[in-house]
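Common to both upcoming complexes is chain A, partnered first by chain B, then by chain C.
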Partner chain A sequence: MNTNYHIKSYCSIKNNQVSLNGSVVYKDEEESFSPFIKAAYKDQNTKYPKFFKMDKLSKLAFLAADVLLKNENLNLEEENNIAIVFSNKASSLDTDRKHQESIQNKESYFPSPAVFVYTLPNICIGEISIKYKLYSENSFFIFENFNATHLLTYSNSLLSSNKADQVLCGWVEFDGEDNYEAFLYLVSTEGTITNSKQDIIKLYNT
Partner chain B sequence: MDALKQELKENLIEQLNLEDMTIADIADDDMLFGDGLGLDSIDALELIVMLDKSYGIKLTDPKEGRSIFESINTMAAYITENRSK
Partner chain C sequence: MSKVYVSHNNIISSLGFTSEAVVEKISNEVSGLQRIDDKSILPEPFYTSLISTEDLQENFNKRNPKGAYTRLEQMMITSLSSVIDASNIEINDRVGLIISTTKGNIDALDANNPFHKDRAYLSELGNQVKDFFHFKNDAIVVSNACVSGILAVAIAKRYIQQGTYDHVFITSGDVITEFILSGFNSFQALSSEPCKPYDANRTGINIGEVAASVLVTKDADALAKEAVTILGEGSCNDANHISGPSRTGEGLYRSMQSAFTQANISAAEVDFISAHGTATMFNDEMEAIAFNRMDLSTVPLNSLKGYFGHSLGASGLVETIVGMHALKNNTLYKSLGFETSGVTKPINVITETTKKNINRFLKTASGFGGCNTAILFQKTN
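Right, the complex of A and B next:
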């Protein structure tokens, strides 16, 4: 296993709290997901009106990536070869349900194009790629549970084959207002935390 | 007609998730696409659904939308003339 790769930074969003590298950057104790993510987004002062048009999975993934990548001070005038490898359990089920409800009744059959376009989980990768001008490799995997081994193997493979300079990996799960979680981390040649299964699981569980 | 224009602005903000906008920000003759409100192609499809759902108007030729969705004024005029509900 290549140990030259490290976890440069990591971000998690769960339990109405946003953390970057282990430090809480935003916390809101009383709200459900929708008002929480809106308040957290506004707190970040990211001027990006398209955020409000995204589905909930994309809002979650976008905000976690934005908090993490903003801290990297990327030069957006240059191409940043950051691959994205995400995973979750529920795929785009929350939006799939919303779409299904809109086509349930033949007498009132009004599917929303703006909802339909989010009925795939990897659309959230597209939203991040558009904002950060990434033209890189990307994949979205569905697993029963957080799969550190797969993320480790896949990110090491992308880096060792020079397909990417860095890899933004993680777990982005949304299955209802009270069932959400994002854990993203950036794998690079820089950093102090080894990109190992043990450390990935440790960070995921903090 | 003024009530319809007001209603259209409310619907636009709510259905297109224009969170940072208020009714006062949208003038009756503002361009909805391009340099105006900056709506995109998915928004255009949403507007077609909105015409059907709220006013019973089915656009058979999406190209018609270009002139109908130019501004609140053009939308209101078209709806007034063609609405079935």
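Right, the complex of A and C next:
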């Protein structure tokens, strides 16, 4: 296994708290996901009106990616070949349930394209790609639990085959207001943490 | 890097329950699409292709299932069974399983569905298939919109070249549900007649039901007659819009560039393109632009949506399988539903099924979220 790759930075959003590289950057004691993510968005000065049209999974993934990538000081005038490899357990089920509700009763039948488009987990990758102009490799995987081995194998493959210069990997789960978690990390040739199963799991659990 | 092959394969669809039976129907220009008028699924009549429930149950029961399986699980297990049988590979820890689907058992969310709502978790679908065949590794579920089926092939190759697996079985599928049809209908993307990819009078998509499975392997021995080598692949984002394709075909163009660079071949060395061709105005136009940017405008091209409709998570894989048989049979299959070009850039749509010596093809797909995938395949025999 190639050990030339490192974890350059990492970000997590869980328990009403946003952390970047192990330090809390925003915290909110009281609220459930929806008011929390809105407050975190404002606090982080994200300024991206499309955010408010996104479903909850996309809001979660987008904000985590934005906090992490903003800190990278990317030159957005140039292309950044950063692949995105995301995973979760619940796919887009939160929005799927919403679409199902809109068609369940024929008396109140009203399917909406603005909801239906988010019934795919990879839409959140599209949102991030649009914001950061990432014309790069992207894929969404579903696992029962956080799967460090898979993310390691797949990021190594993309980097060693020169498909990407860096890979934004992670777990973005939204399965109800009380059951959400984002953990993203950027794999690169720079950085001090080894891109190894052990270190990925250690960061995920902190 | 070791070579990676796509070998044994199966298609379960309205056109038959083996790849050979399906390809035979395609060579006779038979479409599996039919008109359905069922208000419990959609307020308006629509065209789709449906797997025969009777045939599915008969074939599935031959596998001696214990317990209750959803329609999609029955489709996937029946399809994958025949590939595992043909492959004659021991299922050990060097064998991977990839499942490609967009919505999985989404019908379990319906209040009238007999299965528990938790069956809609895609990891549960993965576990059902894994446990049925006693795979040693957990299923890798790929859910990347309409490129899932072809992306799964690229992922299998990457896993094999990373040394994780020697062989990967892929099964793919989606079922026709009110959930999916009502959603596409809300986008006004559904056609009320058989779809006409690239045609001037195209009016949108038909959604179809297919399960398709393949073996991806690094073992050059015991390959199927129609096996192909994966020459190169790429999967790039449009970074443009979440529900509409890029006007410049950016992501598809870059996916093809990535695949061609890895394959180290030129556009002139491709004998045909198995394109996505959903028959929406924007998709087909975008593809024509991207193919022109790649200097592929004269390469014979088809969309198979006129035979099966758009089978979502299975579409890229079923179309790859038909492409493999096209190489073996040295035949370019007609793009059903096309008469007059309705895209602004020249493309060479196959209007008649033709015998021709062919060695390589390009498979492409594009989907919501701005995703695109391209893979180049070469005949092995």
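Some notes on this structure:
In this section, the second predicted complex is superposed on the first by the 206 of 206 C-alpha atoms of A that agree within 3 Å, B and C clash if a C-alpha of one lies under 4 Å from a C-alpha of the other, contacts with A are read in each partner's own complex, and residues count from 1 in each chain.
Here is the rule we use: a contact is a pair of C-beta atoms (placed from the backbone, for glycine too) under 8 Å apart; a residue touches a chain by one contact, two chains touch by 3 or more.
Just so it is clear, the model here is predicted, and its values are computed rather than measured.
Once the two complexes are laid over each other on the shared chain, residue contacts for A:17 go to neither chain B nor chain C. In the overlay built on the shared chain, the residue A:46 is in contact with neither chain B nor chain C. Once the two structures are superposed, chain B and chain C can be ranked by residues of chain A touched, with C on top. In the overlay built on the shared chain, the residue A:150 is in contact with chain C alone; chain B does not reach it. When both complexes are overlaid on chain A, the residue A:103 reaches chain C alone and has no touch with chain B. In the superposition on chain A, A:161 makes contact with chain C only, not with chain B. When the two complexes are overlaid on their common chain A, residue A:140 makes contact with chain C while staying clear of chain B. In the superposition on chain A, contact of A:194 is made with neither chain B nor chain C. In the superposed model, A:117 makes contact with both chain B and chain C.
Contacts of chain A with chain B, set against its contacts with chain C after fitting on chain A, overlap at residues 111-113, 117. The touching residues of chain C, counted against chain A in their complex, run 43, 102-104, 106, 109-111, 120-123, 126-127, 138, 140-145, 151, 155, 158-159, 161-162, 164, 178-179, 182-187, 234-243, 250-251, 254, 258, 262, 367-371. Listing the residues of chain A that touch chain C in their complex gives 84, 89-91, 93, 96-97, 99-100, 102-104, 109, 111-113, 116-117, 119-123, 125-127, 129-130, 132-144, 147, 150, 153-154, 156-158, 161, 163. Of all residues in chain B, only 16-20, 38, 42-43, 45-46, 49, 52-53 touch chain A in the complex they form. Those residues of chain A lying in contact with chain B across their complex are 38, 49, 52-53, 110-114, 117.
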